[in-house]
Each structure stands twice: as structure tokens, then as C-alpha cells.
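There are two complexes below, and they share chain A, which is joined by chain B in the first and by chain C in the second.
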Partner chain A sequence: MSGLRILVPVKRVIDYAIKPRINKAQTGVETAGVKHSLNPFDELSIEEAVRLRERKGPIKVEDILALSAGGPKCPDVLRTAMAMGADRAFHIDVPDKGDGGPEPLTIAKMLQAVVKEQNVNLVLLGKQAIDGDQGQTGQMLAGLLGWPQATQASKVDIKDDAGTVEITHEVDGGVETLRAKLPMVITTDLRLNEPRYASLPNIMKAKKKPLEKKTLADLGVEDTRRLKTLKVTEPPPRKGGGKVEDVDGLVSKLKELGAL
Partner chain B sequence: MQAPRIPRFLPLKVSRVPRGIRSRSLHARATEFLQSQDPDLSESQRTVREAISKICSDFPDSYWAQIDESHQFPTELYEALARRGWLGICLPQRYGGSELGISEAAVMMQTIAESGAGMTGASSIHMNIFGLEPVAKYGTEEQKDRWLTPLIAGRQRACFGVTEPNTGLDTLQLQATARRSRDGYVLSGQKVWISTAQRADKILILVRTTPRDRVKKPSQGLSLFYTDLQVPEVQITEIPKMGRAAVDTNSLFFDNWHVSMEDRVGEENEGFRMILHGMNAERILIGAEALGLGFAALRRAALYSNNRHVFGRPIGQNQGIQHPLADSWMKLEAARMMIYQAARLYDQGYTGGEYANAGKYLAAEAAFEGCERAILTHGGMGYAKEYHVERYLREVFIPRIAPVSREMILNYIGERVLGLPRSY
Partner chain C sequence: MSGARNITAALRRARVPRPSLAIRTVQFITPLTARTFSASSTRTSDSRQIKFTSDAYPNLKRNPNFAEISADDVAHFKELLGSPSAVIDGVTTDATDDIEPFNSDWMRKYRGHTRLVLKPKDAQEVSKVLKYCNERKLAVVPQGGNTGLVGGSVPVFDEIVINTSRMNQIRSFDAASGVLVADAGVILETADQYLAEREHLFPLDLGAKGSCHIGGNVSTNAGGLRLLRYGSLHGSVLGLEAVLPDGTIVDALSTLRKNNTGYDLKQLFIGSEGTIGLVTAVSIQCPPRPKAVNVAYFGLESFEQVQQAYLAAKGQLSEILSAFELMDGRSQKLVIESTGNKHPLEGEYPFYCLVETSGSNAEHDMAKLESFLESVMGDGIVADGVLAQDETQFQALWRWREGITESLSHLGGTYKYDVSIPLSDLYLLVEDCKALLTEKGLVGDDDSFPVRAVVGYGHMGDSNLHLNVAVRQYSKEVEKAIEPWVYEWIQKRQGSISAEHGLGVAKREFIGYSQNETMVKLMKQLKNLYDPNGIMNPYKYI
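Up next is the complex of A and B:
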């Protein structure tokens, strides 16, 4: 295999430390004036792509392409991705209609088109975006492409120049190691790595890296909706707990509540 | 000591931090931790704000309180910033810097202080940000390569030696001397208040090379050197002080201290002029650091007064608590406008000092008042170390005193802007 051409889709989401609020119409969360940042799981996939390059494994990383679909602020997260080490970026301009953005299947079809067009042989995606928590895109993409997939990777190891990849992921009570051949789709989990903070010189360089704007139509994909969000509500407020003095108190309380 | 490692994707749970400090609320700008919504920020300033916020959120208030107690230099923050190239933010690209302006550096310093790091965090790197500007401007290519490269990379630390015990703010009267020797100079005298000298590898030092009574102009006769500090001829003694215990400040005694010719910056007797060059920038940065502390205090005060219930309601519902905080926000924000105006003007080549001085003055005073009000808002808890605002207050005196006092700024405005007779 000549070189790794990695596609890393990234999403701009409400910052992980912000407590989201439901909008008045109960159709989604309030996004105006709220701090946004790069989806944490996507930070992991960018980091992993960059590490694959730095590790200088059996296959040289030829290209790291970051891609984001969304409104006019998307280039922010693409610059972040490029500051971390992506070589170039695509911004797929999808006007924000306040409906939470395109559905996972639309995104997967869009990625499929980019994979073909850009001759990609490895797609690294976050296992989910922390806004919609759908966790579907990677799997759908693998299905559309007919490629092997490894989800929720906690370790990615390129074994040889024929494109053999070993992926570890955590399962209940242990770890599972999978082997597959490129081209493939990998989704990332928290334990995969610890994403870097971009350095100032790299932040400056990223401003000059190529960022191309495209539309879904350019990629031959239509933003059709198959699902309708009926209602979004806050979780019920937590009820205050009670305090017990000691273990005896706990036991009698549990008995009283019929738990023992 | 290790910087506490905090999982990056979970809302931070630092015990002893009052609830609410870490969870950002949506629409209250003053209570969101290092918000980046200020509408006036340029794109590059916002980039700096966000990048520095990320680094600083690994260093919670508990870290700063702990090193204030143990007097340990914040090496972890220093290294976190050095490793990512931040020490060279204003310095030339040739030596590893990024050549951004004071407008960006001010955002960086404000953000560091505002994270809860206060003057401790800011002072730990302050000298790197603009201190070597005289070298960048007047040094030879060889000197810049020799000095700026390791400074930016964080391999060498520098401190700044101007103040002397017997002359105070009257810098033109400096008494420490450098006598010509066969192949360089011999320095003797003393300096005081020299921050970070305990660990600094180098010092940028201003000393007299021509006696006062033999100079043509009073601004001549002083020369600037950048040289190794940790030598037996220099005795460095730490000064116990009110706040910022983690970043040392010292008295220096030196005698028969040989400094080679290669370590002189620019021309002999022209040192004062070279120091002046960076002065406005330094005031802007100190002012920005003060702002950071002020906003940090205000954030804590607003969050606390929203959560603390007395007489059946949050104390912040009382106008007696709410209004002083609102007043402080307005004053801090007004000072911020002036600081960033001064920075923008500086970057455009403006050399006047009125906005840099006035901005530093207003920022330090607004921050001081904000810190005091934060303590009073907390009631008894404001006096407890656990709530951090007492530490902020102890540190916020620094930008009021240094590098130039309030009185000297008023003198400057009186003389230069109002055209009044010089009072001193």
C-alpha cells in the first residue's frame, strides 16, 4: 500500500463544559451565544491521525483531511484540527436550519462521496458527537462503503505495509483485539489517546493551510430528513437525598423503603 | 509537584471549589469560566483566548492556592506554555517566536490571570513576553540567536533588574555601576525587587557607565546588559512579601562581577532609551493581568452571591450586594477598553504613553476594588483561603505598585496631557 490517506470528519458542538438548555419551543437546545468547540471524540480522531504520522509506522501518512459539515462557524473547528496537524480541510456548507443538522445517514453518504473523490483509505471518526449522541455515522459509512469497521477503538496499530491493522477496543470486562485490512473505518473512544493542545506556531500555520468550501450538492447528496423530532425536554430535576447517621441508620432506612 | 491531571471531557470536579464555578451558565458572561464572547476581540485575539483557556483549565484555583502556600514556582504552567511556543508570542519568528502583537499578548496575560492564576501565573512568564524587546530591537544578530532562541524554547529564564533601593522610581539616578575592564565590564552595586531571580539563568540589567555629573543629557550614562545571573559574585536574597509567594522577588548585591563585552545590549550609555522602548507595552501587559484578576474575583463573587442563601434568598438578590458587583464589571470593562485600545495603538506604531499608563492605572484600581468587593460579598468566607478571593486581593496590589506607581502615572498625565508644571 502506497500511503495512508486519512479522512477525519469533525463536528462543531456545544462545548462539553456548558450545561445545555432546551429552547422555548422544546424542539432542541439553545445554541445562540453559547460556546462551541470541536467534538471531543473528534479531537481524539485528529490526534490519532497525527500520531499515526508521527509514529512513522510501516505505511507513511500521505494526507490528513479534516472535514466538517455545518454553518459559517465550522471553519473554527477546522482550523483547530489543522492546528493539531491535519493537512487541509473541507467545509461542507450546510445552512443551519435549527433542526440539529443533517441526519447521520446524510452525513455518511456525504462522507462516502468524499472518500471516493479523494481516494481515502482510512476514515477515523469519533464514536459519537456529544450533541446528538447518535453514534451511527461511522457504522453507516462502513456499510455504504462495504469496508471493515472497528468501533470505539482504544488502540490502533498498523502492522505492516500490506495494510493490516490491529484495533483494540474495550468491551464489558475486558478488551477485544480485532484485525482487519485497509481500507477501513475506525471510530474512536476516550482511552485512545490524549489530544494535544495545539502550539502557537502551529495555530499560526493552520491559518494558511488550504480550506475548501463545498456543498452537499457538489457531492451529489441531498439533505433529506427521515426522522422528525417531536419534543426535547430537560431531565427531571434531581430529588434531594437524605442523610443517615451510621450503617445501622442506613440499614433501617433501606428496610423502611422496602429495599431490604 | 505535578500539575493535577484532570480528565478533559468531564466537567471538572475539584472538591472545595464552590458548586457552579465550573459549570458555565449560558447567558451570564461574567460567570462563565474564561468566556470568549467579548464582542470587540479580533479573530486572532479570540484564538489566543481560547487556546490559553484550554491550557489554563488544567490548573484550577486549588493548584494556585497550594503553591502560594508552599512557595513553589509554577514550573508546570511555565512548561506547558513554553512547550507550545507561547513564550515567543511577540518575538521574531526567526528565533521560534510568532511575532504577534501586544494586542494578542495582552489577551494571553489577561486570560492566564483570569483563570485563577492571578499574578502568580502571569509573573511566572511575564518577563518572557516583552522583557527582551530591547534585545529584539537593539541586539546584534549573534546576540538574538544566542539569547532569544533558548528563551522562547523555555530552556533559559530571564529576569529584569532596574529598581534600586536608594533611588526608587527615579530611574535616572541609578547607582549600580559597570566599570570598563580589559575585555568587558565589572559590575558593582545593588538591585531590589528583582522577580524570579532565584531561578533565572539570565538578567537584563541596567547600570551606570558614566557618572551623573559627566553626562551630556540626564537620560544618558546608563547601559544595558544581558548576562548570566547565577554567578558567585551575585548574592540573591528573597524578600518575604504579602502575596504571590510562589514567584520569588529578591534583593541583589553584586561586586566585582565580570561581564563580557558580548553581553552588552546596544550602545554604551544608551541603556535608558532602550528600556523606555518596551515600557508602554509592559504597562499594557500588567494592566491586562490586573483585569484578569478583577474578572476572576467578580466571577467568584457573582457565583457565590447567587448560591448563598441568607434570610431566605440568595444574597445576590439584594441590591447592596448586586450593585457594587455591577459597578465593578462596568469599571473593569471600561479599563479593558482602554487597555486594548492602548494595545492596538501600540501595534500600529503609536508611541504616546497616555493610554498605556492610564489603562494600567484604571485596570489596577478597578481590579483592586473588584477583589475587595469579592471578599465582602463572601462575608466571612471571603477571609478564608478556601474561597481564593483573599489571595487575589493580596496579589492585586502588585499592578497598583509596579512597574510604576499610581502617583507617577498621575504625574505623567498631569504633565503630558494637562500641560501642568512638573511636580517632582
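Up next is the complex of A and C:
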């Protein structure tokens, strides 16, 4: 096999350290004025792609292409991806229609087109995006391409230059090790690695790396929806506990509740 | 979105393996009541006993004018305060374990002999308690979250601890003016979270925010991480309520920004460390919470370059600059040693800086920050650096600065000197101190040397350095080597021997290095005027 051409799709989502709030119309989550960053699972995929290059394994990494579909702020996360080590980026311009963005199948078709066009032989993608929590794109993509897939990877190991890959993923009560041949699709999970910080020199360099803008139409994909979100609501608020003054108060409260 | 929240929790667990967090929960975040519990359970199993302050400072003698607490006094307080949880009675009962956390400080450096802790719930109760104590000549120590670094909030002998933890109500907040009025015992972090929900910010932030009380912050005039941006408490505190030793309630709880009507007496309580009265409530001006916050972490080759970076930050980031912190290489190594976390930069540097910007427009701030970063990298001022890309990285980078104090405490004891020195000489103190202790053969890598390391870090933007001498055990030999050498060094440069930590017990003898005789005399006159019996926080600096 000549070289690894890795595609890493990434998504710009509400920062996971920030508490999301439902919008007033109850049609989705409030995104205006909320801090956004790279989907944490995608951060792992980028890191893994860069580590595959740095590890200097049996197959040389020829290209790491980061891709994101969405509105005009998407280049922010693509720059982050490139600062972490991606070589170039595609921004698929999908105007925000307030409907939560394209469905996983649309994204999978779009990725399929990019894989063909760019001659990609490994797709590393997060197992899910923390906004929609759908966790379907990787699997659909593998299905569309007819490629083997390994989901929720906690370790990725390229064994030889013929393209044999061993992937470890965590299952209930242990780990499972899978073997497959490139080309393939791998989705990433939390224990895979610890993503690096974007260093200042690399942030500067990332500004000069190529970022190409495309549309879904360029890739021959139509944004069709099969599902309609009817309503989004918050979980019922947790009822706060009562306070007692002292030990005696606690004891009598417990007795009152029949716990003692 | 519920799924996303769960993942968030899982992410935190999986991606940020920090033993420090667990420890922090015990030392900083847990409210005082819970901390009491955990602290007493660890204390009993700990072989290292904290030395009594009265033994460590043999020249301190109990003032014979003070009365001894009697069973009658305790009965009186119990009746006065009503609630059984308001009195921890070690006089008529054995309450050693319950009282211990109030008797000693978290650095395990100071320990008193008190047998009584009172927790009044409002100014009226404080007034009754103090009036009685004043009449009976019973000495008292006001205590908040007990996170002080100079032993100011713990008793030396049998002074009664008056703890503010039950005065914990937020009284009011006015969104238009940004003025918050709250009881003294409100925990800083609680106040800040309350303000966060209302899109405002408490104008003070410090490492111990999870357990320190705002009354204590005001009484000690705490400085903290963002003084550079939001100024000192002498400016942001608009008013306060305090109780004088004779029981007089000083109601100066003004919420006015401007009030030129005679002496500004509230200033006397700010930073006086509870020696003339006990602060029971505070009204404070709070700025709007910045919508966009960024943090960058730099590695630099010399202190010269640190100064250049600071000047560049001031010049180019100007109004959005909210913190400029300095950490030396050794301090960061100790954090690595203590937490096991991976350092954000690849290489090692003698100096590190943390630069934070806060503003209202993310794009504007980022544009400014990027041009600043480009210029300091391009000019070779900064050797390497990272920029936080998300909230988690933001928090993680701050921990490299905020976690130093805590990391040092896990590695043994620390002699702490919190000093103001002109910027150009700021780091020279650390180098000189290290040279001095090395020359005396006290510094080394194995256990035969008492000193582990001499480190420096601090609030570069405020010319405020924390010189810390990390020791394996506290010893008189090390102390004698450093003091009064360090104070003389600072005096020579017209610095302050205590920039933000106060004087307490630790620096009681050294006030003369930063205040002249006239100033000390004036302070004593004020003290005698308001506290003629001297019952308020005795044996400390005044």
C-alpha cells in the first residue's frame, strides 16, 4: 500500500464544559452567544491521525484532511484541527437553517463523495457529536462505501505495509481486539489518546494551510430530511434536598421519613 | 441533550485524569461544615502533628488580662445563640476532634488552644457575643473559611473562635448597578456562581475560592488573580456592616458608588485582619461577566523576556487583559511531581506566563490576541506557547498556576513570602534566596536536606511575587536563614513584605520593614480607640 490518506470529519459544537439551554421556541438548543469548540471526539480523531504520522509505522501518512460541514464559523474548528496537525481542510458550506443541521445519512453521503474524490483510504471520525448524539455517521459511511468498520476505538495499530490494522475497543466487561484491512472506517472513543494543545507556532502555521470551501451540490449530495423535530424540552428540574440544623434534626427527619 | 450531558461527565472523568481534583475537593471546594468532618478524620490518622503556635513562638505569652472561659460563659453563649449547632463546646465536654479544624490552619503551620467555637447567624448575635466578651475580657478570633496563609484566622491561646459560616445569605443584587450585598460567611465561589446566573462577576478570584468567605476576603483585603483588571477591594467594596468589640453594629452597608461624606471608615475594616471589628456583611461592586475569555500559556527563556512580554501584553491587549501571571520552571516541575499531569509545552523553560483576556466580543478579542501572539512569537520574546481551544483546556491551563500552592502543600511544608517589589527586581529575590540557602547547604534533592526547592510565581501584573521555600519539614534552621534576610532585602528596595496575604502571626514582628514608626503608632491608636481591651484577634500583628 502506497500511503495513508486520512480523512477526519470534525464538527463545531457547543463547548462541552458549558451547560446547554433550550431555546424559547423549544425547537432546539440555544446556540447564539454560546461558546463553541471542536467536538471532543473529533479532537481525538485528529490527534490519532497526527500520532499515526508521528509514530512512523509501516505505512507513511501521506495526507490528513480535516472536513467540517456547517455555517461560516466552521473554519474556526478547522484551523484548530490544522493547528493540531491536519495538512489541509475542506469547509462544506451548509447554511444554518435552525433545524439541527443535515442528518447523518446526508453527512455520510457527503463523506462518501469526498472519500472517492480525494482517494482517501482511512476515515477516522468521532463516534458521535455531543450536540445531536446520533452516533450513526461512521457506520452509515462504512455501509455506503462497503468498507470494514471498527467503532469506539481505544487503540489503533497499523501492523504491516499491506494495510492490516488492529483496533482495540472497549466492550462491557473488557476489551475486544479486531483486525481488518485498509481501506476502512474507524470511530474514536475517549480512551484512545489525550489530545495535545494547539501550540502558538502551529496556530500560526495553520493559518497558511489550505482551506477549501465547497458546497453539498459540488459533491452531488442533496440535503434531504426524513425526520422533523417536534419539540425539545429540559429534563424535569431536580428537587432540592432539605437542610437540617444538626444531628438531632437529621435523626428526627429520618424517623419522620420512616428510614429509621 | 441529556445524553450529551452524560458524555460531558464521562469526558471529564476520562480525559482529565487529575488526582489534584480529588484532593482539592477536601481542601478547597467542600464547604466548611463538610470539611470539618473530613479534616478531623484525616487528622487522627496523620502522624505529623501540627506544632502549637505558642510553642513555635515562645516569646508569645498569654495576656493575663484576659479571662478564662468558664462553664457559665458557655451556658450563656448557648442560651444567647439558641441553636445547638452554633456552639462547639470544648469547655464542658470533650470536643477535641470537632474543634481541631478551627484551631489550626490548612497549611498545618499554626495551631491554637481554643476550647470554644461560636457560629452566630447574624450581626445582632455577633453584637451580643462581642459585647459579652468585651465585658468579660474574653479574647476572640474572627474566622471565615480559614484559608489564610499567615495564621491570622486561628487562635494562638484560648481565644474564642467566632466563625462566620452560618452568616451565609445573599441579601440583594441589583442588576442595573451591579451591586451585590451579602453576608460575610458566603463562600466566594457561591457568590460568584450566584452572580454568574445574573451575568455578573465577583471582582475577586483566588485559588481558595471554594472555601474562603467573602467577609474574610474583605478583612484581609485579598488580592488574587484578577486584581490587575478589577482593582483592589479598597475600591470595589462600597460598604460593609461590622460589629465593634463593644457590640456596636457599624451599619455602613452603602450601595453607592460615590459617597463623599466625611471619613471613609469602612476602609479601616478592609485589610485590618479582624483586629478592630468583625465584618458581618459586604456590599460590593460587581462588573458584568465577560462573554469571551481566552487564555494563553507561554514558555520563556529569561526574566528579561517575561518583562518584555508583559509590556507587550499591556500595550497590545490593554483593556481586555485580565491576568498576567508568572510561574518559574521549578514551580511547574513541582506541580508535575505532585499531580502527575502532562505539561502543556513540549520543552522545558525557566519561566512560564499565563495571559488571560476577558472581553465582550469574541471576534474582537481573538483578533487582538492573535496579533499579540504573532508579535511576541515573531519577535522571539516567547519561545513556545499554547492557546486554549476550549473551556476544558482553559481550566486546565489555569490549574498550572492555581495549583502551585496546593501542590507544594502535598510535598511538605512551605515558607511563603508574598511580596511587592519593583518589577525589574521581581525575580532577583528568588535567585538570591536560592543562592543563600544553597550556600548554607540547606537545599538538595534527597531527604537529608531540609529544603526541597526555592520557587517563585505570582501576579506579574501587580508586581507581586510569591517566594516559596518548599521544605520537607518546617525547621527553625531554615526559618532563621531566610528571616529577617528576606525582609531586609525587600526593605532595601522599598517593597512590601506582605502584598496580599496580610501579617497575621507569621509576619507580626516584621511590620516595621514596610511601615514606619509613625504609621505603626497611628495603627495602635486606632486599635486602642475601637478595641480598648484588645480582645479582637490578639497576638497578631498589632
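Here is the rule we use: the second predicted complex is superposed on the first by the 240 of 260 C-alpha atoms of A that agree within 3 Å, B and C clash if a C-alpha of one lies under 4 Å from a C-alpha of the other, contacts with A are read in each partner's own complex, and residues count from 1 in each chain.
Basically, a contact is a pair of C-beta atoms (placed from the backbone, for glycine too) under 8 Å apart; a residue touches a chain by one contact, two chains touch by 3 or more.
Here the structure is a predicted model, which is why all the values come from computation and not from measurement.
With both structures placed on the common chain, the touch criterion links A:131 to chain C but leaves chain B unconnected.
In the superposition on chain A, contact of A:191 is made with chain C only, not with chain B.
Contact with chain B, but none with chain C, is seen for A:30 once the two complexes are overlaid on the shared chain. With both structures placed on the common chain, the touch criterion links A:204 to chain B and to chain C.
Shared-chain residue A:235: touches chain C; no touch with chain B.
Touch criterion met: A:16 reaches chain B and chain C at once.
In the superposition on chain A, A:38 contacts chain C only, with no contact to chain B. Residues 15-19, 33, 35, 37, 40, 190, 194, 197-201, 203-204 of chain A contact both chain B in one complex and chain C in the other. Considering their complex, residues 15-19, 21, 30, 33-35, 37, 40, 79, 190, 194-195, 197-204 of chain A touch chain B. Within the complex, the chain C residues that touch chain A are 1-5, 7-8, 10-11, 14-15, 83-85, 291, 296-298, 342, 344-346, 362, 370, 373-374, 377, 382, 384-393, 395. Across the interface of their complex, chain A is touched by residues 8-9, 11-12, 22-27, 32-33, 35-37, 47, 50-51, 54-55, 83-86, 88-89, 96, 98, 100 of chain B. On the chain A side of its complex with chain C, the touching residues are 15-20, 22, 29, 33, 35, 37-38, 40, 80, 83, 128, 130-131, 133, 190-191, 194, 197-201, 203-204, 232, 235, 245-246, 248.
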